[in-house]
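Please go over the structures that come below.
Both of the next two complexes hold chain A, though its partner changes from chain B to chain C.
Here is the complex of A and B:
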């Protein structure tokens, strides 16, 4: 255990040093993270006003709460390995990762967490300022709020494992962009980013419930807003756990095959 | 397989399956429906053994299969055929204890983190290999002294010259004190002084730690300085495995004779092919078998001040091996 602790500390230190090197690009990245939900917030607020003040229980202040929390959840859960893997394979960088006596997922996880930690320093004040402008309304019970952090942690784990597993596709195809685009398009629509899932048409909602995407982003947001019944909360945690188990099993099964497939492109 | 050998390779081969298509739109459209592939043999079936502590030069022209072999032996590639043992491990099983004991240095690439000081990359590897603190300190001090890293440690990698980067890469690759080093062109692109330093460092490392080294290089000076034994591979097949001296003896068909005379004596072409000539000094290329007779004649016929018989430069010998020219 102390080996893993030291390993993560070392990865973490390196990752933070790199993050601090790239302050400007991180700031631009953050801008992207914030701008998208603010645009949806503005659009949906305008639609709600036009519909007489609300749609499906969402008024401008509910939308504000929804999109501010969504910004945080999206930032905390997001990853970039699906893009990074293609680069690694093409540049032959995977060779170095595979020469190490530790699974490469550890370095990626530590780096991901380091990025999130550094970015909170900026993101939280920005969200605070946006809250002053948009006046969000929260209706959550204390226990819903208490469950927010575990739900967020599971959402992160689920998204991380799913994306890392999908990224392994780059061992079979050198055109992983197509896989990435498809994944991110579906994620975008079914994870509650384009609109809260409960406002989507019924058949889309059905798909959102059945697939893992909603549980990666929308679920913790809905929980924080107090929009879920105890039964829905239980369902959410169950869905997160089941999908996480499925993804972890998939990763465990795929990894040795990916290694076997690996033929060191870019020799 | 028995003890004493660090590397044991039997019938090891790697065949890549690569897609092929003709140039042009028609071929591109056809490939949508029927992808044609062909097998490319990178390494045929090669056999060799390397004893523990040996330094072996692994030579061959570009595309001979050197890097593919090193990658198989370091566990990065699955072979298509044959077997190999490195320190008793099957490399592609990628056991932790195996990975902890080896390193692969690729001169064309490095594992250093571009934007942060070298010291951070070293520290990261300390954690990855779980190196205990005092041992790490000692190894690092040694590496810093031997490679003259000093103030380099605190500089971001992007600010290092190519040669400095190679030194740093060697330190990062060796900080876990591997017992087997696979070095793929470790001196490529660096200047002559730095090449010599790296060579001296590697020779010293081998002496001190008894590590086994398998090294590829296009610089024959590296091979001459480090390797008594060479393995020559071409088109994925083993052409030669033995002492460097035997390679020269076996494949050099000529010797170089340099003769210095007390007074000018005109043309010496009746003794051999004249390679160069100034007033009193002539360099001749003579068939190896004729060398004793010709030198005797030179000494008998001419006022010789000095006479030197040498093997041709190793590059020339290797070229002959690659050309498939048999020993005369």
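Here is the complex of A and C:
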């Protein structure tokens, strides 16, 4: 256990140093995180206006609260390994990672958390400024706010494991772009990013409930805004746990097979 | 005339290069269809809840998406790959080989790489544009069509000038790929009419990153809501940014000293 702790500390220090080195690219990465929610916030506010002030209990101020919290949740849960793996395979970086005496997922996890910790320094002020512009209205009760953190942690774990597992596809195909794009399209529609799930057409909402994507982003957001009943909250935590278990099983089953497929390319 | 011939040569070269990777054509079709389907589905989800969005009807929004993908395709076919290659060439010193060629250097670096498969985006964009227009066709007169062509030309010039300005910065700053990411991030905002955004964002999208001039203004012309004054303004911006980017290019060239051994 103390070995793992030392390991994470070491990875963490390296990742923080890298983060501080490339400040400009991190800031631009942040722009990508903020632009999309602001676009859909503006679009849905315009829809609410066209429909006489509100739709389905959302007015411009509720949409503002929804999309600001979503920006944070999306940033905290997101990963970039689906893109990263392509380079790792193409450039032979996996050879080095596999020589290390630990599973490469540990290094990725530590790097991911370090990046997000550093980015909060920029993201939170930006969210604060956006809150001044869009005037969000929050009326959540304290206990749904208290449940927000565990829901966020589970959402992060679920999204991380699912994306890391899907990234393994690059051991089988070199055209990983098609896999990535499909995943991101589905995620966009079913995770509450295109619209709050309750505003989606019925058949889309059904897919959102049945698949893991809603529980990666939309669920913690709805929880923080106090839009869920106790029964819905319990369902959400159950769905997160079950999907996380499924994804973890998938990862442990696929990893040895992926390793057997691996043949080094590059220098 | 000479510039057209040069473009044709580069286009043929690009085709020969990419024809070697024919499977990429199918991958490109898959990606483009997914991209466009994604955008149309988002419009569908929004219009399941309303009939107008900041005064725009569904058909007009589909036409707007068509313009968005036509401009996107045009950038991806030649502007983005050529200027990305140019920035790399400044870093490695390979720009020397371009500069000794007996043609205008700005023209050469702007056309040097043509990605033929990206035509798929442009063609699909035209199809979406046509289907959007089909729904509002009765209202488009010759005047609107002419306004659209002029606005599209002005928008294309503005976007090209903007990219040229960014790329020319490579003479001073060596690492710029990330700056282009700013453009792509802001460009997504063009999928929706400018009228939905709050005023400060509208100004950013018109003034700092000319997304509006490239996408919204031509679509406005089709929808018959573009005033003559705004069209004149778009043309003036196109003219100014073309001259400024040309001047800036010459200034940058004078600074270039080669990086080869």
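Methods note: the second predicted complex is superposed on the first by the 265 of 267 C-alpha atoms of A that agree within 3 Å, B and C clash if a C-alpha of one lies under 4 Å from a C-alpha of the other, contacts with A are read in each partner's own complex, and residues count from 1 in each chain.
Keep this in mind: contacts are C-beta pairs under 8 Å (C-beta built on N, C-alpha and C of every residue); 3 or more make two chains touch, one makes a residue touch a chain.
The model shown is predicted, which means the values in this text are computed figures rather than measured ones.
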Inset, instruction - Once the structures are superposed on A, label A:142 by its partner contacts, choosing first (chain B), second (chain C), both or neither. - result: neither
Inset, instruction - Please work out whether A:14 is in contact with chain B alone, chain C alone, both, or neither, and reply first, second, both or neither. - result: first
Inset, instruction - Decide which partner touches more residues of chain A, taking chain B and chain C as the two options. - result: C
Inset, instruction - State whether A:6 touches chain B only (first), chain C only (second), both chains, or neither. - result: first
Inset, instruction - Considering only the touch criterion stated at the top, classify A:98 as touching first (chain B), second (chain C), both, or neither. - result: first
Legend entry - chain B versus chain C as contact partner of A:260, first or second or both or neither: first
Inset, instruction - Look at A:52 in the shared chain and tell me whether it touches chain B only, chain C only, both, or neither; answer first, second, both or neither. - result: neither
Inset, instruction - Show which residues of chain B lie in contact with chain A when the two form their complex. - result: 16, 67-68, 71, 74-78, 94, 96-97, 99-100, 102-104, 106, 109, 111, 113, 115-116, 120-121, 123-124, 126-130
Legend entry - Contact set on chain C toward chain A in their complex: 23, 27, 30-31, 34-35, 37-38, 41-42, 45-46, 48-54, 178-179, 181-182, 185-186, 188-189, 191-192, 195-198, 200-201
Legend entry - Residue ranges of chain A in contact with chain C within the complex: 24-25, 28, 31-32, 35-36, 38-39, 42-47, 49-51, 55, 133-134, 175, 177-178, 181-182, 185, 188-189, 194-195, 199-201, 204
Legend entry - Residues of chain A defined as touching chain B within the complex: 3, 6-7, 9-11, 13-14, 17-18, 21-22, 91-93, 95-96, 98-102, 259-260, 262-264, 267
